[in-house]
Amino acid sequence: MLSAPVDDSLWQQQVRALIEAGRELHARGWVPATSGNFSARLTAAEIALTVSGRHKGKLDEAGIMRADMQGRAVGSDQRPSAETLLHTQLYRRYPEVGAVLHVHSVNATLISRAVQRGGAHDLVLAGYELLKAFHGNTTHETSLRVPVFANDQDIPRLAAKVDAWLDANEPIHGYLIAGHGLYAWGRDMAETLRHIEAFDFLFECELRERGPCNA
Amino acid sequence: MLSAPVDDSLWQQQVRALIEAGRELHARGWVPATSGNFSARLTAAEIALTVSGRHKGKLDEAGIMRADMQGRAVGSDQRPSAETLLHTQLYRRYPEVGAVLHVHSVNATLISRAVQRGGAHDLVLAGYELLKAFHGNTTHETSLRVPVFANDQDIPRLAAKVDAWLDANEPIHGYLIAGHGLYAWGRDMAETLRHIEAFDFLFECELRERGPCNA
Amino acid sequence: MLSAPVDDSLWQQQVRALIEAGRELHARGWVPATSGNFSARLTAAEIALTVSGRHKGKLDEAGIMRADMQGRAVGSDQRPSAETLLHTQLYRRYPEVGAVLHVHSVNATLISRAVQRGGAHDLVLAGYELLKAFHGNTTHETSLRVPVFANDQDIPRLAAKVDAWLDANEPIHGYLIAGHGLYAWGRDMAETLRHIEAFDFLFECELRERGPCNA
Amino acid sequence: MLSAPVDDSLWQQQVRALIEAGRELHARGWVPATSGNFSARLTAAEIALTVSGRHKGKLDEAGIMRADMQGRAVGSDQRPSAETLLHTQLYRRYPEVGAVLHVHSVNATLISRAVQRGGAHDLVLAGYELLKAFHGNTTHETSLRVPVFANDQDIPRLAAKVDAWLDANEPIHGYLIAGHGLYAWGRDMAETLRHIEAFDFLFECELRERGPCNA
């Protein structure tokens, strides 16, 4: 597929948004040890994406690359992260999605392991006012289901499981991979960061209420 | 009601106080995901108030609006948050109140859920030197009662419950809404921030002493 | 008593040290809600001392006053904190002490309450390499005794209990007041800050090892 | 042994790397109360090393010294920390190692005490995606063994135990000393910092999953 031309000012804007998101998320301790990866939509056919292995709190333009919706590099010979497919499947599925952030917070790691240990396949969050932080929610009198997938180094296989879940269920704003972290998305970077902040807050509440004994 | 004229330098001063309070409270993690709302008194008839849905750590003047004591916008067509009534009822009741801050910290969320789960309607804080941080307290040999109201998306109904409680009890400096957060107030922004800091400190102490099992 | 003349550059140096200490300690959350008070020695007869009720993270020169060794204001009509006696008794007892810091961290508050609840009068810290952070300790194969005094709004009575304890025991670098906080001292501000950091680290270790059930 | 000439720009580069590492690690609370020590390789025969007892968040060039591979000062009469041997044994053993960082985080302290209390001699970390942050790991389907040595003020004796362990086992990226802290290393400062961040994240996960009762 020929890549659609990308406006340079749009590229610069998304690069700045990714660098600033990295600074904020690293300061929170949510992308330790070069973990995590971030993307922002450029066009219907392309995204801007962090290059694998970079310090997420100290990104620069050289740490951002272009990729197409099949997860192949565009305009460079940099190798996209194997996890790129987990980003592009969301942009392909949801035309309104403008940003995808993947973080490895301690809270996301622990709650996903706790759910898995308990034999469940999702986490249900209920009764929190902060549920209203997710796009489309207007009341705390609701519950939010967060699927937890088993971790898998075979990313196409993992992406297929995510696709199957998304096909069969109501739209969501994020999911967990057990012992690994959180994928979250939104219409733009600000909304995606808001979703990430809300997820981590709720994961911390759940972990602290359960305690280690019941976690 | 005709709105009383508001001195521009007073407006600017309160705008700066609200922006700075937002920066401090967001840095503490107490207003995640655009949650919370803040206000400061302008006159007997008007307050300056954060516009709903803004990032509280990155407020600017456009994120602050004027509202009257019935919670209606003044001098703009911005829609005040539904929760504005929870601010204005305090300014109407207490002429000396100069600022009201509503935050969503993890500690406020968890302690309010713990109290509610335990079947109680208030939290009693006792034996802490930091009780002296609340205006009017001069000793740790006292106890502070913090009412916990059930969360409710019907704000006029919630405001009526708060009014009824305040009518029937001694003056307080803040209350909790279960699973939602803390409302606190004071004579000016500095005192209100001091109360917020003291409340959160005491909520953290209570939660860590109780532990998850007894929380 | 006539106050000894204080060199202005020494005053400026101690003011800067107190302001900077306040910034660091507030950033750690150890002096919430204007709690805590700090002092630094000026001469054999005078100290520089924080004025009561100031925000400890935003001190300026107007927030620092001079006091004599009986805790009376020198060269101003500002009222020293009632707790000034707890500072001056240390400067009088130990000619080598150059700074005294009193903080209200959550860890100091909780460990002091836990010791008191357990019916003990001191906390014994053992087996930590960080014990070597205290002046005079050269090995982890030692134990550090931290007395815990009951809180008391009658400061002369509390100071007398502290004096009696110090008369009867080996020299220490700090003590706890239950539900209140930590007093720590050292030969200069840097050493005192080092002692504060070490104490809080060790209190956190103790609290996390005990857990709420055994705390 | 004659010291090999050290290029001044290399010295400056390593000094800057050590200062910046100190700032980051102190901001995380991992080198409290002047604890910890850091080094970076200069040549096959020399390292740059922090002078003992300095505030690790406020290092300057005067706080960095040169030492040879036997841990003796080079070009100055500053006394290297007794623990220097724990650095130089790693540079001697692994020619590819470019930096060694020793930190005293609460998490490292507590997990090492918990392992020792449980009668074990190592910590086994398994099932975490973040295991991939360690050089050479490409999957979470692995486990990482972190030896825990008893603390010892006799550093040559402790260094001999470390050497014996390293002789007998597969290469590792770090080890714990009980009640003391973590030693970690890598090919350069960025990799070593990445390892430190990953270790602390995993220690926190382990501690929070175990809880105080089982820790």
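Each chain gets a letter, A, B, C and D, in the order it is written, and its residues are counted from 1.
Note that contacts are C-beta pairs under 8 Å (C-beta built on N, C-alpha and C of every residue); 3 or more make two chains touch, one makes a residue touch a chain.
Treat the numbers as computed from the prediction; the structure is a model and nothing was measured.
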{"item": "Furthest chain, CA centroid comparison against subunit A", "value": "C"}
{"item": "Proportion of interface numbers common to subunit B and subunit C (over half same, under half different)", "value": "different"}
{"item": "Length of the line joining the C-alpha centres of subunit A and subunit D, rounded to whole Å", "value": "32"}
{"item": "Centre-of-Cα separation between subunit C and subunit A, whole angstrom", "value": "46"}
{"item": "Subunit C: positions in contact with at least two other chains", "value": "211-213"}
{"item": "Subunit C residues within the subunit B interface of the complex", "value": "29, 32-35, 55, 104, 106, 109-110, 113, 151, 153, 177, 179-181, 207, 211-213, 215"}
{"item": "Subunit A-touching residues of subunit D, taken from the complex the two chains share", "value": "127-130, 132-133, 138-141, 190, 194-195, 197-198, 200-201, 204-205, 208-214"}
